[in-house]
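Next come two complexes built around chain A: one with chain B, the other with chain C.
== the complex of A and B ==
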């Protein structure tokens, strides 16, 4: 068993390291619009790795991730403005957002399925209102500048490194009893309770973890971007994040990366003017979901299995 | 040794189980018999803390576990195999088993897994397959194995034979006999009379939420208590006037 688990870890962590290095190269290489898109893709991947615990492994459709993302971005910007050292501001921003995640979890982890989705959507609606209207803190609808906490080089390294470490942490945690409990919740929550799995607490931990990932991604995003505005953290973003996990392949290690790249790429490519773009995007997402209910990675995985079986039997 | 005293479970104005008192001894299979809707499953769920009890005392090996929630009960040595909800179909067989010992550390989980694989060789061979692919009988065997992963002192089983072929029922019966032989107490709710006769030494008969008879299985069958429970006594007057 140890030999096979070592191989399994190597097969997952090797590509994770490669992706992390590639992200760093792209972040340094791209400027302007391409750089902006790369930043979004990397920070979304970090945020979505957290969401992948809740939505991916536990099967709970959360629409709160953009709130956590924004929470980290805004809190760190505000704290930096108050003269806190960058590391402390970042830590407090992540901690504060995890606390918000704890409240969200305590309230909504007792609900299931669509009720959980509606509850977390409500939370995002509230945070969007706060980001937009608490102008003294957030700068209002136009957003606010973000003070320089980390030097740019450090921010780029942190972005690429967090992407890799985040994915690695996901891979390792998914193999622990925490991961097993989350999968049991997804499969049959009642049976899990019969077996004594503390389902409410397991879900709560997953939500707090996802808030932490989202907030840290927000801190780094704000650092690189230099400006934070409410339009980056609305319900629409939360919904796109939710879609990204589904399109990538819920619960799979690289779903956050594949989903982020596809969703962000498509939103850039599909540009038919306001209103029409959203309708086209919606149609594309529905089509992908119908054709590939287990996401792009699910399709690729099935293809790979077929090729391998053929190679073995031939 | 499990002792249940005066267990009552009510759902609103309806009392499903009333003042049930029963025992289950280690190393034996104890049956709970009765017709559909008599309160057998509710009794098991009441013991396991899955439905709210309005009264009752649960004592396991001298330890009062009445106030424990399901999680604490599992830790105290009480494992439940619920009816018709056997496995997590999308998880591998091994992951299903591991959920049974989810409260334990990695080392203990691995050790118990080895114990299960030693006992059920075919489970080891198919451990990486999704559990949903197994036949009904195999699923029930894995469900029982998963209960054993918590190293229980008492296993509560709700209708393990339902929906199974006769051959599969025999396999499940064999597994249960092994468990009891190893010193674990087994409390079995079952409609399959043949399985009850094969496995149970003693049994409790429930009708309308109350215990109506107790004794060795042979005695209960001889006295007609079992057929009364399943088929009903001729208590309804032939002409009730309606």
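== the complex of A and C ==
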């Protein structure tokens, strides 16, 4: 491996490992409300790393991520109830959700931009209907308890580990031909198609991968949280996930982390009163979309480049 | 059976009024206007607030429609106008606006549902086995009147002609001297008026709450896809089809999953025609 590429990987994976360790320390250290918030931030980051393929690299506005997240959470809870061992229940939950992702992908990966947003949003609305109404399995609108599959220590390790491994996988996959093809879809889908990129299949794979990340995040979230309810997986949550990637900086490695910390911090931590934090979030999001289309990380990256070139020329 | 079909017709009229607003905006500006739900919510609250303050219903309804128009135009002037050259950013802006509008309602009036009383609440028509509540008759009347007015505007006036021109080919229209900016604002004004009409037409049958328009918006988007983004006539047809489909599904399969039947229809259509029933290349507003 050439030295420059090793250095590039090290520069990305070093911080990833650090974040992973930090997440573990915070998860162990925080209790109560702060612990809840950390849990949300970590599981959202894992889920959003998957979304970052579809929305981030390929530029497709997917509003289905919250339902994949919920799919993993609910499926694992139901399977655990049937006495399956935790690892098997988790694997089946992720597999089942990826299957749902495959169906969503097969239907909607042939559609473009606006149609894709509308279709995936509707998919989330339907899964919310199922979570709310299939009360025998899901416990209805008030949700259901989740049986303990893994010991708490293991869950914490898995959360922190998956955060790091997920980000690392994103970094590595983004550098492969798959990543290049997704970028080609973003830049000019028709051109990519004419040049022989199997655009529909690439998008399909990206959606299935995003479903896998979302479902695994959901499994871990459910394990730590102990309860799942439909309100955690509505299409408002899908909006917020979409917003998080946009604010963070679509397609950038740490966008899921920065985005979820900002969005969750703004909605859960700062208490302006009902609704106000989401108004602020909406305004911030529009401002970022208009002024800084590459998100917070894009702005920081540009600043950093400017400082560096100044330092070199001075 | 006939009652189910009539219910489908009511739903269809509601979807049509909302969907035509969406498709008009899409046709002229290529924006998927998710914020339309927020416009409807604020219009409904304006009506409720005016009624609560003692205004007679007709005045309150006018206040609601006016509020819808103002809010809709504001979204265009303050946000959408700035992304017209960046179509990829418009879903994001639309969702941001939806967050803002819905939560403004939540902030102002709280999350509890409020009922909107009308003078025709207690009126009930009976034709054979079919019962027609006054609110729903009013809904159909309002829908037909407003859509007929829109049709006349689009087909008979120079304003309508200009708008259709912009929808067909923005650059060509601009070259021929059509003031593009004004068409954008006009499309949002009309969409807002229709949103206000939708709000006062169906708020009495549901409740006024910050999330009252979510389901309707989703169904209206299905309608827009069914009819082809940007096609007004397609939107009206699609709305009636979807209304009847959802009504049949909720009557004979499960009422809890009413909007899921719309999704099913959407999936079926998109599997066969990935860009909607009408190709957007032949987009037109008429």
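One rule holds for everything that comes next: the second predicted complex is superposed on the first by the 302 of 314 C-alpha atoms of A that agree within 3 Å, B and C clash if a C-alpha of one lies under 4 Å from a C-alpha of the other, contacts with A are read in each partner's own complex, and residues count from 1 in each chain.
Keep in mind that, in the parts below, a contact is a pair of C-beta atoms (placed from the backbone, for glycine too) under 8 Å apart; a residue touches a chain by one contact, two chains touch by 3 or more.
All figures in this text were calculated on a predicted structure; none of them were measured in a lab.
Applying the stated contact rule after C-alpha superposition, one finds that A:191 touches chain B and leaves chain C untouched. By the touch criterion defined above, A:154 reaches neither chain B nor chain C.
Legend: residue contacts after superposition of the two complexes on their common chain; A:309 is shown touching neither chain B nor chain C.
In the superposed model, more residues of chain A are touched by C than by the other of chain B and chain C.
By the touch criterion defined above, A:268 reaches neither chain B nor chain C. Looking at the shared chain after the overlay, A:6 reaches neither chain B nor chain C.
Interface residues of chain B, counted against chain A in their complex, comprise 48, 50, 70-75, 79-80, 82, 85, 88-91, 95, 98-100, 102-104, 106, 109-110, 146, 150. Chain contact summary for the complex, chain A toward chain B: residues 1, 177, 180-181, 183-184, 186-188, 190-198.
Those residues of chain A lying in contact with chain C across their complex are 59, 61, 107-108, 110-115, 117-119, 121-123, 125-126, 129, 132-133, 235, 239, 242-243, 246, 273-276, 278-279, 281-283, 285-286, 289-290, 293.
The part of chain C that touches chain A in the complex is made up of residues 26, 30, 32, 79, 82-83, 86-89, 91-93, 95-100, 102-107, 110-111, 210, 214-215, 218, 221-222, 224-225, 229, 254, 256-257, 259-260, 262-263, 266-267, 270-271, 274-276.
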